[in-house]
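Every chain is named by a letter (A, B, C and D) in the order it is written, and numbering of its residues begins at 1.
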Amino acid sequence: MRFFALICPCLWFCSVASAAELRFGLSGDPKTFDPLHVLDDNSEVVRYLTAGVLVRVNRVTDKVEPELAESYKLSPDGRAITFKLRPNLKFSDGTPLNASDVARTLNTALDPKQASPKGDTFRTDQGVPVAKVNSPLEITIRYPAPKPDLERLFDALSIIPVKAEKIPSSAGPFFVSEYRPGESIRLTRNPYYFQKPALDSIRLDIQPNKDIELTRFLRGELHFINKLDPESFDRVAKEKPAAARNLGASLDSDLLWFNQAPSSSVPEWKHKWFTSTAFRHAISESIHRDDIARLVFRGHAHPAAGPVSPANKFWFNAQLKPLPYDAAAASKALASEGFKLTGGVLKDRDGHPVEFSLITNAGNRPREAMAAVIQDDLKKIGIRVNIVTLEMGSLIERIARTAQYEACLLSFTSVEINPTEQMNVWLSSGAQHAWWPLQKTPGTQWEARIDKLQMSMASEPSQALRKKAFDEFQQLVVEQEPIIYLVNQDHLSAISPALKGTQPVAAPPQILWNVGQLRLE
Amino acid sequence: MNNALEFRISASYGKTEVLHSVAGTIAPGEIVALAGLSGSGKSTLALALLRLLHYRGGSVTGSITVEGRELTGLSESAMRSVRGKLIGYVPQSPGTALNERLKVRTLLEETWSAHAEGAGSFGALLESVQLPGDQVFLNKRAGELSTGQGQRLLIAFGIMHKPAVLLADEPTSALDVITQAAVLKLFAELNQKNGTAMLFISHDLLSVASISHRVDILHEGKIVESGPPGKIFSAPEHPFTRSLVDAMPRRMD
Amino acid sequence: MTPRGFARRLASRLVSLVVIVLLGGFAAAALVRYSPGFASLPEDLDPSISPETLRALHAQNEDSNPLPVFYARYLAGTFHGGFGVSTSLNQPVAELLRRRAPVTVRLVAEGTAGGLLLGSLLAWAAVWTRCAYLQTVAVSLTGLFLVVPPAVLALVFFFNEAPLAIAVALAVFPRLFGTLRALLGDLYQSPALLAARARGLSSATIATRYVLGAASGQLIAITGVALVLAFGSAIPIEVICGIPGIGALALQAAIGRDMPLLCALALIITFFVTAIHTFGDLIE
Amino acid sequence: MRRKLASAILILVALCALFAPAIAPFDYDRQFRESPHAAAGGQFLMGTDNLGRDRFSRLVYATRISIVLAPAAAAVSVLLALMLSRFSSLTTLCLSLPWIFLFIIMRALLPLDTGPFASILLTFALMGVAGWAWPARIFNASIRQIRQSGWLLQARASGMPSRRIALIHVWPHLRAIAVAQFRVLVPAYILSEASLGLIGLGVAEPLPSWGNLLAELQRPQAVSANPWILAPLGLLMLVMICLEEVSA
């Protein structure tokens, strides 16, 4: 039978499985195996599993734990860190690893020609760090100015070998032993790693379709699914209750903002509404966040209180509460601003009917549903919303380059707990400054204040003072609402009971962070 | 007075010339038979005279005049008003030349409105080609006609607008002997009644000779001999004409 | 036709084939180049990346040359073996295509063959047998598969572990059925066929000589369209079932505005479609 | 008899579409937020969707949009194909272009405040214009055969204008194929509209269309939870079969 050979190739190898092989799905091919150039999520998963890093942040205790470095010491002035490496470290191809490899890795990351996103996390306004190899097992990295949370940066810096191959050898617990593009990636235990993980190997099946991934999980062919949509989660909860794991609020936020940049596509009168705090607040108040959480996410989401998810326990400003739905108050506030409701249509002082277009990315069903809820909510106070779903490339061009849009519904994904990660969004001059990218100077006092608070976050050595600044910043964002925060989705996972040793957290890489402790039964 | 048709043309398909400066003259009211073997370029000549040869992938050079009017060099739309109006055409086989999906009525009306305004009346025309003019016949589809009926219909199309000259390309080859004779007789009558000049193209020398005033012999793309039928039969000059005449069936007497 | 005439026609056809293929590639390149989002990267929204790095990434990804220059260089590169390096997948295009082509070629070929076979069988049943029952079955089956999205078909087949080529065939055949039936219906009434029957020829001879022979031009045209249709339905099927083929690659390339990959795909697809067309012309 | 039944069904569907506001119990965008994912029966004939919108009402309104626009677009394509099919190289070229980018460009040229209805109108218009190459490729071969025919020559010899020739003589020979192409394009466009939604050119919220109702079928779980999700598929199939019966 010739036809039978065509049964999906991904089913061929399902039958072959070794005893301690962890299997899970990846939504697509990693774009790169070079740890310093990782940008997409799929590459990041492979990078994390193969990463030989000096220290690792324990995602549960939030403590920095030794890995390739058996110890580290911060200098009293907060500018330098000295690592002491374990003896006899080797890459997966057997070549030895010492302090000069660490220095080379850091210098490569910082090389402007490399355009390494990892390098960006090490750069500061005051300059770049300098690595000094003290001995084959000791290295000191020194900044020109104090750098907060310096030791944590090294959690993401995989030490790279001299030979730059397409699939480089690894210094971490696993290395890429087989790559079948479009099909699978096999990671095998690194025999030279200083610790022996319980897993012999890991197979990542490239599986773009979420429904098929779920079916394979339910059949027992995959050990976990890192992120499930609410509908699939409910199905797992029904069919395999022990496997359904709600990891609580994620670090991500769903949000919307108005375009405040001068743009040919926003008429002058609309620009006036969008720059008015009262208008933005009224919109925010008339969106029924509870309904979004309940209908769109089947209850697996919570109204957002501000720019930081409550999952980020340390940095979240606990004083902030989600804005309750109050259409009547919103209408009243709009009326006092000169808006008039006539015949079900809200009009501004000059008689322009209040309507705007809301762009979002196409193909994301929850987001489209969210847009429909917002549309319906705003209709109740007389505002017409025109929903336009755009394909990702066009959407990015509009919000990041041409400013040809009025309002945008999107989500921010946080990879790290540390809030300075989002600095480029909040700084007026930031490239990702959502409501007005690359704004020359802050337009208002509160924007100037946000800039100042952000800058102090980046350089203030005292954590208490940073927290204080950050709390004030959150308060300011909630008051001014340049970005209207809607909900924080729960992170929903499915973990097979056969997979032991998991300590999943809501922050990436949720289930995999302690891959060394994972084992199969 | 001008001749009904005068031509001197060469025709070729690609680089192969199939008609070599073939010339002919047909006086008003004259019937000329053009005889030759299959493949000697007879049908090509008919299409070339109508300037339709490019639809079959050929090209024509030379001159064609109808009643003193030069046709070569006319635009396609000007040619359209010539075809069917100045030059009538009766094609070879009704099996392929009639669009089998259309009704007789439609075909008649369309042929009529190509050169005339208003609704045509076809009773007399159909009668002249000995076809019934009743509704039953008009509502028939072309595919349902017998070959003889089809051929008569094609003749009706050819003479509908009383052209100066009628080109008939093997008009009887698809017919049985009795119908053949009837159709030939019809041509002769039409010639006498309307004074239409005719160019008969046929491989069947004997049948067309009976009604024509003159016979031209076409051989390998050239006219090799021309003369009244009597002379051609009794004293053929060209070797090809001789072989053609010799090959004709004789009456058993 | 003389052999020389045929050779001349072949040569002119081949020249026009090359011209069309080159034009197809250029048109594709132009469409990609001038569509919005060409100059944007997903990283534009990533706040953790510094403006300098972002600029460097853009410089890596964009070919700032004017379109004709880009295309000319691209073609020159093509003659030296490679189709360039895919910007979205970071791999040589030639290697990507080589690795992924077999799955899709097979899926599309089997799907097209199956679709043509199924379509012809049903069309034959509807026309030839004159059996009302069979006609109703044929029409209902076509109606059903005409309206089911290929993606849904793919899912059903995937979950039941059935061959996906059949899903492609099922997506293709209803789109051919009507045309095939019209074609067969025409032939059924043709005098030549009637004459052939009258001469007492066997049905096999009639089917091969008179049906296939008389309709070969149209059949090749239909096959050409069927191939394009099969490729069209292979895209969602591959994407949904996670088959690493050309179809999934094409979608990825489109989303990622991957100019070298898209140009290569346009060149290849235009080549196949034109080649079939040319072949159909030549054998007529 | 069968033909009459088919016409009756088509007329019924058309009437449903025409009088959608009278037939649909609710507005298509009314969100019953207290009853999302409601089962069929009771207040909601076919249940509700995730936002508590009545599926039956949405289907009725979707019919209104799709049943008019898709055939219109298909007719445009077939007409264009008839006119352009003689340019066989152009046809081939158009068959193999990545059309999706043309649509992306069109979307970029379209203002963002284009209403949902105008947007879907444009989408179908574009599909109609862009979709000519498929039928043209099929016509191409037949037309070439017709060009060789004796009757065409005869018609030309009798001096008929070419437009009349095309209309009176050629069309009857192409009709069957044209109708077949038309019938294929109608559902193809209805389905494509859903995929064009992915580049922002489909129907926008809250307007329903057959395309986006059919796209729901891609979630097998949803179908098993409420089989009425299959209703649009059934209805579309019925319409297609009736169309076939009527135009045969």
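Operating definition for what follows: a contact is a pair of C-beta atoms (placed from the backbone, for glycine too) under 8 Å apart; a residue touches a chain by one contact, two chains touch by 3 or more.
Just so we're clear, the structure is a prediction, and the values are computed from it rather than from any experiment.
Visitor: Using only Cα atoms to place each chain's centre, name the chain farthest from chain A.
Guide: Ranked by distance of C-alpha centres from chain A, the top chain is B.
Visitor: Based on Cα centres, what is the most central chain?
Guide: That would be C.
Visitor: Could you state the distance in Å from the CA-based centre of chain A to that of chain C?
Guide: Here chain A and chain C have centroids separated by 39 Å.
Visitor: Just curious, how far off is chain D from chain B if you go by their C-alpha centres, in Å?
Guide: The separation of the two C-alpha centroids amounts to 51 Å.
Visitor: How big is the gap, in whole Å, between where the Cα atoms of chain C centre and where those of chain D centre?
Guide: Spacing between the chain centres: roughly 22 Å.
Visitor: Can you list the chain D residues in contact with two or more other chains?
Guide: Where chain D meets two or more other chains at a single residue, that happens at 104, 107-108, 218, 220.
Visitor: Hey, what residues on chain A touch two or more of the other chains?
Guide: 211, 391, 393-394
Visitor: Which residues belonging to chain C are in contact with no fewer than two other chains?
Guide: 35-37, 155, 159, 240
Visitor: Over in the complex, which chain C residues touch chain D? Could you list them?
Guide: On the chain C side, the touching residues are 16, 20, 23-24, 27-28, 31-32, 34-37, 139-140, 142-144, 146-149, 151-152, 155, 159, 174-175, 177-179, 181-183, 185-186, 217-218, 220-222, 224-225, 228-229, 236, 240, 250, 254, 262, 265-266, 269-270, 272-274, 277, 280-281, 284.
Visitor: Report the residues of chain D in contact with chain A in the complex, numbered from low to high.
Guide: Contact set of chain D toward chain A: 29, 31, 33, 36, 50-52, 104, 107-108, 111-116, 197-200, 202, 204-206, 218-222.
Visitor: Residues of chain C touching chain A in their complex?
Guide: Per the stated touch rule, the residues are 35-54, 56-57, 60, 88-91, 96, 99-100, 103, 106-107, 110, 155, 158-159, 161-166, 239-245, 248, 252, 255, 257.
Visitor: Using the touch definition from the top, list the residues of chain B that touch chain D in their complex.
Guide: 47, 50, 52, 55-56, 80-85, 89, 91-93, 95-102, 106, 110-111, 113-115, 154, 157-158, 160
Visitor: Under the stated contact criterion, what part of chain A meets chain D in this complex?
Guide: 211, 231-232, 235, 265, 288, 291, 294-296, 355-357, 359, 362-363, 368-369, 371-373, 375-376, 386-391, 393-394, 404-406
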